[in-house]
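Chain naming follows the written order as A, B, C and D, and within any one chain the residues start at number 1.
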Amino acid sequence: MKRFTKMVYKKPEEMVFGRAKFPVSQRWNMQFGAGYVVPEVKVAPVEGSEGSKEKMIAECRNIAQSACERAVGIGLPAFMLEQEHVSQQTNNPEWAAETTRVQAEILEKYYDEYGIRVSLRQTPADIRIEERGPGLRGSDYDNKIEESMEACAANGASDLCIETMGGKALSDYGIARGDIRAILFGIGVLGSIDMEYMWKRIVNICKKYDCRPGGDTDCSQANTAMFIAGGLLDKDVSHTVAALARGMGAARSLVAVECGAVGPLKDCGYENPIIKAISGVPIAMEGKNAVCAHSDLMGNLVCGVTDVWSNESVYHRQEMGGTTPEVWLQATGYEASLMNTALQTGQEEVLRDLYTLTDKYRDPQALVLAYDNAHRIGEAIVKYGKDTYLRSRAAAIEAGKIINEAVDANKMYLTRFERDSLDNALKILEDLPVDKDQFIDECIRSYSRKVPDFNPKNYDL
Amino acid sequence: MKRFTKMVYKKPEEMVFGRAKFPVSQRWNMQFGAGYVVPEVKVAPVEGSEGSKEKMIAECRNIAQSACERAVGIGLPAFMLEQEHVSQQTNNPEWAAETTRVQAEILEKYYDEYGIRVSLRQTPADIRIEERGPGLRGSDYDNKIEESMEACAANGASDLCIETMGGKALSDYGIARGDIRAILFGIGVLGSIDMEYMWKRIVNICKKYDCRPGGDTDCSQANTAMFIAGGLLDKDVSHTVAALARGMGAARSLVAVECGAVGPLKDCGYENPIIKAISGVPIAMEGKNAVCAHSDLMGNLVCGVTDVWSNESVYHRQEMGGTTPEVWLQATGYEASLMNTALQTGQEEVLRDLYTLTDKYRDPQALVLAYDNAHRIGEAIVKYGKDTYLRSRAAAIEAGKIINEAVDANKMYLTRFERDSLDNALKILEDLPVDKDQFIDECIRSYSRKVPDFNPKNYDL
Amino acid sequence: MNYIEELESKLDQDFIAVRYNVELEGPAITPENDPDVQTILPKEEPYRSIARAVLRGDTEEAVSKVKEGLKSGETPMDVINNGLMKGMDAVNELYTKGFYFLPDLMLSGDSMMEGLKESEKALGHKSETKGTVVSFVAEGDPHDIGKNLVVMFLRANGYDAIDLGRDVPNEEVIKAVKEYKPIFMTGTALMTTTMTAFPKVVEELEKNGLEVPAIGCGGGSVRKDFVESFPMSVYGVEAYHAPKLADSILKDKKTWKDIRKEYSQIVGEFVPEYD
Amino acid sequence: MNYIEELESKLDQDFIAVRYNVELEGPAITPENDPDVQTILPKEEPYRSIARAVLRGDTEEAVSKVKEGLKSGETPMDVINNGLMKGMDAVNELYTKGFYFLPDLMLSGDSMMEGLKESEKALGHKSETKGTVVSFVAEGDPHDIGKNLVVMFLRANGYDAIDLGRDVPNEEVIKAVKEYKPIFMTGTALMTTTMTAFPKVVEELEKNGLEVPAIGCGGGSVRKDFVESFPMSVYGVEAYHAPKLADSILKDKKTWKDIRKEYSQIVGEFVPEYD
């Protein structure tokens, strides 16, 4: 398999929102990374809609219809609708087929009538359960994912994504304990192995249809760290450790691209700026217009180099300003408009830098994702590009270095907890073996008992 | 009474967000228009909380507490909380006193503990009913408003606002029928008269306390036009007529400043850029982070010269990302951060212009509020500054002129409905008498029968 | 050229904001030349002139043609049904098609109402309508433009809308329902804290053994999930839906439960839905 | 200096973002020097060493000191209650004060649990706990970190948390409630479409005549208004609240209705509320 050992972007300043070295084209006249930013909306099916296929179809239809109406009502030139599947949709591939078809029909109708550029992203759920035999590979669950992917591709999805959960048992264990070795093993090694298993299949499915392999994001691991880390005054996960986890997440999620995913890489993926720097594929991001879903500490910064701008997720219900598909598409649509104005007027670099500086020193997690630092982490990854373990470790170490430099320059201030956990993590990372197999052996020995859900067989180990 | 006959801002380019010619200081180390933009959050009390004083106090406490927690959790240097009162709070001044006190206590606690700059805006409801004797003046309702204002000022409000409803019967009638004369009479003449009546009293109350007179916005008239005008494909109110109504709204809302209001002028007031151009007072605005409340066609443009950035209103409930006071303060807080970064780095003019160009030609309503055009409308107003009728008329005519120039330059495109209704409105406006009394006489004659709720006595006419 | 103008000169607006309303506009029409309008407008005078005056929203002309007609011996009911109402039918047709806009409809409605008053003067009593509807603004709420639009849309479609005004105490609503026996009622509210009047009204109706579909709507904070969380009520999305809902009750005998389920079909267009 | 660095050099960060966590940090402490910890830690050996090992999260040391103690004749129950649990009490104290963080607590919890296993080996059966709690992740939901945290917080506070795992069929929850008779149960979910398991579980409990407070919480989409729309359930805000809720049920005999009303007082801190 192709591995990235060189940077596609030679310099960080070349990166900017709305432009990617390798733009992607889809049906319905849609391009990504081709000079304009596309807003995205995503709405979680309401509680109860999982009760029957008919309800779920109605739910998906209403979400698509509302989004389209608002898009033309406010004059958006383009937008993307993503539907993240609930388990019932993936467990029943005929649900996936029909919900995709109904959304594709609506989007196509608006494309025909208004000429609006549209895109339909479908994201089946990773319904595998590691501790249940036969585990991640070849189980019924696993087969249903593949069937659902194909059902989406065959019924009008513009692209396919997934958030694979490989390695989550380990990373969860490590995140709760600040155990950087477990996190590295979970994200960098196990996550990468599982992605390769999953993504080769997805890419093959897409080849059969007019459907692109989108991307995978480390939602279940690095985002879990960010979510639990919370705000400045929370006392759960260290924000410096979360920053290192994000670096590893980039090394992991890069695997989708190496398997053939072309982007826009899936949002949730706060690691995507790093992957864009390495690979040149367009990316989706979420931030200040995803406050409906979660609080981050980098809502503006992550606009810096994105190609799709998402709201992450929201309840399907009514606001004073309309239903949530309407309201949140307007929110992301207006931010994308601002970025597009900057692109059109040649001011994109100023706006990118303003976005970036707004959050660069708000939190260490933000700092490492500023596009210049993201590029540095990318360089650390490609240096060890052929070894998923070493490159994940290098990403984390580089992230730590970036934080320490900012601290030394009196730009970044850390609490003692953040300081101590970073020092501790860096020391451990630097002392780790340089041989992947040795690292894996040690980890299997350490964690097999401590993390009962973990089973090396799930990763061919 | 002082009337504006000269522009405080001589040139439009001098205007920018976060800076006003006449900054305002409040307790808790808060300044407005002094070089930074302050985010605002506003949450509507939940249904049922109007049932008892205890419930309303709990509701107001929870809103304030949630907002404060999120503010420090994401590192906001400053924020404003506004509570728009429900009728029960205004009808029962002791409710107003206690809800204000509980919110002031919470804000002060966070100010003391974290040093965060905070501001508490209280906005009693205009509970007067024009058609019920004795009408707008001297009724029980009217007296309760005054008592509630004083209760707020005495119990910790940083400033007071209101959205007066004078003239609404006429403007509603005119908006539904595209009758520009009725709209002009309702907003420009009656609205201005009623504001003067109300605002002299508010300013007097504020003098007794450490509390500022904030401002008044034409929510009940020009905003009604915008709300009913809706999106691009709605077929209710002409967007060009709504643009003219907004111009008149500026001439009307200026009266608060002439009575002594010092700002930040109340949001909802999409007319505020015009008033800032004339008077130099700081303003509050809402736009792309008010999608929870309504859809406008100028979500970015209205950031251009604002000093406070608001979400307008939202249900009090839970999102995935937290309760709405948390979520929506984060939304406005992050946008304000971007503006503040631009101010700090000397890029405020670029960002202002990007905001402006994003929406300038999205809709005629947006066009007339672009800061350069807002300044032009301001100039038209001060030219007839001493005559509230003539200046409102001039504002509308200038707005029409701005639209027509953009059309002639092939920058703005109108539908036939927008085109015809604008031509028709401008013709009527130009043919109107130049004498205020004559205009009033004619209007009283025309509308007294057609608009049964209208009673000239309410305006001392 | 200053800075913003320089930036502006570089913009390709197609990537920023598209005015779909302008892009998609069909050819201009003259109202009376629309084929459907031609079918609706009566051929014989004075009905044709009356209907055309209504179509144009020309109140003076409408009243004068009505007077002429009455003087020349037409019955008031014929003037109403064959003249005034035909004019409104044509107006409604054009509004539905998107050629007419709210102001056209309001002005035509005004003309029709004035012509109606003239006719009723001659008739000596109120004319028969399709049915009666009671409309009110919730207690504590002073915002009435939504209710005013609903009332006009109903009247424009031949319904008798009893307008109770704004800030209406719940008891008055009950009294009006008892008195007028409406086919349904409409309540509007702008605020979360005033829409709470709706369930109280419904409860009171239930206590009085009355059942009448209640269309609750509002320009502001009223939510479907709230309105439909108690019996009898239906969430109304747009003011102009009111007559279509009325028709469905009158002609198709729809209950409030039916309307909740079939709202989108009844009004004949997409409405954003969620559960 | 490139462009972004030039911009950066002009920034006064105080107007952009304030790191209140850094600004407000108190002086550093050594855990064992904290006056409350000193009061909690036992004075005599081997309890003091055991408790200190737990406090430091040093599992090896904890297990070896437990073994030593048991060998030297201390009873397993004394080792548990006077050693291990005292260590956890100190940990909880520091966590509440904000000096300890989640990882400290998890590592100390691991140490305590290993020490406990050693003691129970000597005891020959499971030790007595304050009470039993059943914890599960809703059917269809594979996300279990929230549940894992809840379980650890409960165990760290002397409760026996029965961990049913993730994607747990509702029948298994009922079975576990019947079997373990817990003082309450916790259900977690991440998605809107899986939290619907909670009311089904409650309904099933009701059918079986069982009443047990059900704390429903989740890192993601679970809402208070949903969770508290059916009986027995309470919306849990943070994982670390679980033991405090347990204490209130055990010591203060709080019912689920009480907990709903007094949540904020019971957990001793502000929680965002709305109705």
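One rule holds in what follows: a residue touches a chain if its C-beta (ideal position, glycine included) is under 8 Å from a C-beta of that chain, and two chains touch if they have at least 3 such contacts.
A quick note: this is a predicted structure, and the numbers were derived from the prediction, not measured.
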item	value
Pair joined by more contacting C-beta pairs (B-C or A-C)	B-C
Geometric centre distance via CA averages, chain C-chain B, whole Å	30
Distance from chain D to chain C - Cα centre to Cα centre, in angstrom	58
Approximate Å spacing (C-alpha centroids) for the pair chain B, chain D	48
Multi-partner residues of chain B (each touching 2 or more other chains)	44, 46, 48-49, 72, 74-75, 232-233, 313, 315, 320, 322, 326, 337, 340-341, 345, 347, 354, 357-359, 362-363
Per-residue overlap in chain C, given as positions that touch at least 2 other chains	7-8, 11, 16-17, 19-20, 221, 223
Pairwise chain contacts under the document criterion	A-B, A-C, A-D, B-C, B-D
Chain A partner contacts - residues on chain B that touch it in the complex	44, 70, 72-75, 230-234, 287-295, 297, 299-300, 313-315, 319-322, 326-328, 330-331, 334-335, 337-338, 340-342, 345, 347, 350-351, 354-355, 357-359, 362-363
List of chain A residues in touch with chain D within their complex	13, 44-51, 86-88, 126-129, 131, 165, 172, 175-179, 220, 224, 227-228, 232-233, 235-238, 313, 315, 349, 353-354, 356-363, 372, 413-417, 421, 450
Residues of chain C touching chain B in the complex	2-4, 7-8, 11, 13, 16-17, 19-22, 25, 28, 95, 98, 100-103, 106-107, 110, 140-145, 148-149, 152, 165-167, 191-196, 219, 221, 223, 226
Chain A contact footprint on chain C (complex, rising order)	7-8, 10-12, 14-20, 23-24, 220-221, 223-225, 270, 272-275
For the chain B and chain D complex, residues of the former touching the latter	35-36, 46, 48-49, 55, 58-59, 62, 65-66, 69, 72, 74-77, 113-116, 316-318, 320, 322-326, 337, 340-341, 343-347
